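Shared between the two complexes below is subunit A, which pairs with subunit B and subunit C, respectively.
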Partner chain A sequence: MDTQSYLPVQPGVGMQENFLSLDDILLSHERLPIRTECAFPRLGYLEKATDAQDIPQGTKMELPLWLSKGLYERKRRVLSVELPKVYREGWRTVFNADPNVVDLHKMGPYYYGLGSQMLHFDSPENPEIAQTLLQTFIGRFRRNMDSSQNAYNEDTSALASCQ
Partner chain B sequence: MDPSEVEFLAEKETVKIIPNFSLDKIYLIGGDLGPFNPGLPVDVPVWLALNLKQRQKCRIVPPAWMDVEKLEEMRELERKENAFTPAPSPYYMELTKLLLNYASDNIPKADEIRTLVKDLWDTRIAKLRLSADKFISQLEAHAKLDNLTLMEINTIRAFLLDSLNCMYKLRSNLLPGSSKGQFTDY
Partner chain C sequence: DPLTLHSSAKAEGRSDLIASIKLRHCCLLRNQRCVTAYLYDRLLRIRALRWEYGSVLPANVRFHMCAEEVQWFSQYKKSLASFMRSLGGGEGLDITQDMKPPKSLYIEVRCLKDHGEFEIDDGTVILLKKNSQHFLPRWKCEQLIRQGVLEHVMS
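== the complex of A and B ==
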């Protein structure tokens, strides 16, 4: 009996973003480390670290996701995006070992959403990133289910295993 | 679905009462409710039984399954089996709560029955969670569970469906043909 007058638009599926979804809008504000492949004349104010008027080619800086996605082109004439720490090899090994111990909220509140959006940037590690996202979700499912459905902060699988 | 909705549906189940008043047969839209004579048992829906009980016009007879030995047997059977055994009644949880709240004086050993039903519920819910966890972790496409009651399904429905939606989104990343920049229609 869900009669609501406000039906929020959900975040998009996989690599899509829903234009009207608030979650996707907030997600796209995350900053990504990028490296410019061409000069940006007179846009020095975007980079707070130096006071130069232009941004020369090859600068490492941070841009939000919505800007990076808009400027990114396959021929890579404008910028190249580096993966944030959480999606790189080191952290991926941690997630494959045990997804339950990681504090995902500290890693940036939109781990799954941002991970799905990173697949837009044609990194050679894309299949591994997608696989790790899925396995992390599956690994954390049990803890999430238990925590959301009862007040014990412990593992309740013992109740079903008494023979 | 709200738990209160499930309880509302449970109130349609019939239970035996012994009225202390007399009344001719009444014809309701949902069905007829047989003539009431003092001292003679009659089958009525639970909603009517609770109403009459609160007005002190009847005595409720506990259903056949609400018995300490029977419930103990069921509890042991449930613990032994890996699958779900048939529940005492399709609405055992709600009926226990309603009858023990309003008519505990008519039901012998009410506290023990409460404990036994709670044990049964805990075991079944734990099995349900184990089953859901296996379903998700092995990425199955299809599962079949027998002998679940509506209240149990209701507890897990929202979480399981949302998780399956999230998994669908993450799995669509793995497909080689996943689209970039398609516009959805609203």
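== the complex of A and C ==
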């Protein structure tokens, strides 16, 4: 529906997800590289690489964000989550240097959303990650705003006016 | 149910199973979230239908709704109607009309499909036959325009 009467539930702000938001549900479907810190008996069938009946401790595998969040505990007794490449130091340096050159869609379509969710996993790099997310947004904001108002061959001055 | 399974696992000393139980529980919660969000989104779209199509839903739309949704729609209709009746000091105001400020009171419309007889306020009956054109009060036509029966002719 393209009318203004249909108002879907918006995604959550920052580290919070909105339970009923379809966008947040899609976002939390993204897979993350994790390492199990305990064994998962009888769930071997989830790990397609081996034929074992159980998932042993120390297995490296990928789990969707929703499952990683659900299982994660502060003391890391259950699993530890690795930062996806985009949020690690190497890429952060690129973003800090010039946020406008990166193809954010190619980096996984939910750069900001997933980045904010990564802060749930108590990485020591959290302050730097948060800072880079914010600075990247600020750096790209101007060009995004400009493109959005000049995309059509139409008079869009009504959008920018304060009426 | 997973929670009693969890506490009985602890009690029986099978605490090694807890991680797996927790994982399956997360899966159940995920399924519950997806289903709830889907049903809720349907309700939001059904609510928008009242504003789009008016208070009578076309049969092809009703066909795709379950009984509970039809009931929800009729209750939403009633709530909206009683709210509208209470506006304007008890006189009532139809806020589903004139969603954008109108430029004129009467408009020229062309009929896109046969719709039969249509009565306007002074009692006259208009026959809405395909391709006929009429000069009618704007507010009477709005719903039919939204439904695709009439087309606003702008010269």
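Note that the second predicted complex is superposed on the first by the 147 of 163 C-alpha atoms of A that agree within 3 Å, B and C clash if a C-alpha of one lies under 4 Å from a C-alpha of the other, contacts with A are read in each partner's own complex, and residues count from 1 in each chain.
Just so it is clear, contacts are C-beta pairs under 8 Å (C-beta built on N, C-alpha and C of every residue); 3 or more make two chains touch, one makes a residue touch a chain.
What you see is a predicted model; the values in this text were computed from it and never measured.
**Q** Look at where subunit B and subunit C land on subunit A after superposing the complexes, then choose clash or fit.
**A** With subunit A as the common anchor, subunit B and subunit C both fit in the superposed model.
**Q** Counting residues of subunit A in contact, which comes out ahead: subunit B or subunit C?
**A** So, of the two partners, B touches more residues of subunit A.
**Q** Which of the two partners, first being subunit B and second being subunit C, lies in contact with A:Y72: first, second, both, or neither?
**A** A:Y72 sits against neither subunit B nor subunit C.
**Q** Go through the superposed model and pick first if A:I25 touches only subunit B, second if only subunit C, both, or neither.
**A** A:I25 sits against subunit C, while subunit B stays out of touch.
**Q** Identify the partner contact of A:Y112: answer first if only subunit B is touched, second if only subunit C is, both if each is, neither if none is.
**A** Once the two structures are laid over each other on A, A:Y112 reaches subunit B alone.
**Q** Where does A:F40 make contact in the superposed view: on subunit B (first), on subunit C (second), on both, or on neither?
**A** The second partner, subunit C, only.
**Q** Which of the two partners, first being subunit B and second being subunit C, lies in contact with A:P8: first, second, both, or neither?
**A** A:P8 contacts subunit C only, not subunit B.
**Q** When the two complexes are placed on top of each other via chain A, what is the minimal CA separation of subunit B and subunit C in Å?
**A** Result, nearest C-alpha distance in the overlay: 8 Å.
**Q** For subunit A, what residues appear in both contact lists, the one with subunit B and the one with subunit C?
**A** In subunit A, residues 1, 19-20 are touched by subunit B and also by subunit C.
**Q** Over in the complex, which subunit A residues touch subunit C? Could you list them?
**A** 1, 3, 5-9, 19-22, 25, 38-43, 66-67, 70-71, 78
**Q** In the complex of these two chains, what residues of subunit C are touching subunit A?
**A** Within the complex, subunit C contacts subunit A at residues 16-17, 19-20, 22-23, 25-27, 29-30, 33-34, 36-37, 40-41, 44-45, 47-48, 50-52.
**Q** Taking the touch rule as given, give the residues of subunit A at its contact with subunit B in the complex, in rising order.
**A** Residues 1, 11-16, 18-20, 112, 116, 119-120, 127, 130-131, 133-134, 137-139, 141-142, 144-146, 148-149, 156-157, 159-160, 162-163.
**Q** Across the complex, what residues on subunit B touch subunit A?
**A** Subunit B residues touching subunit A: 1-2, 5, 79-80, 122-123, 126-127, 129-130, 132-133, 136-137, 139, 155-156, 159, 163, 166-175, 178-184, 186.
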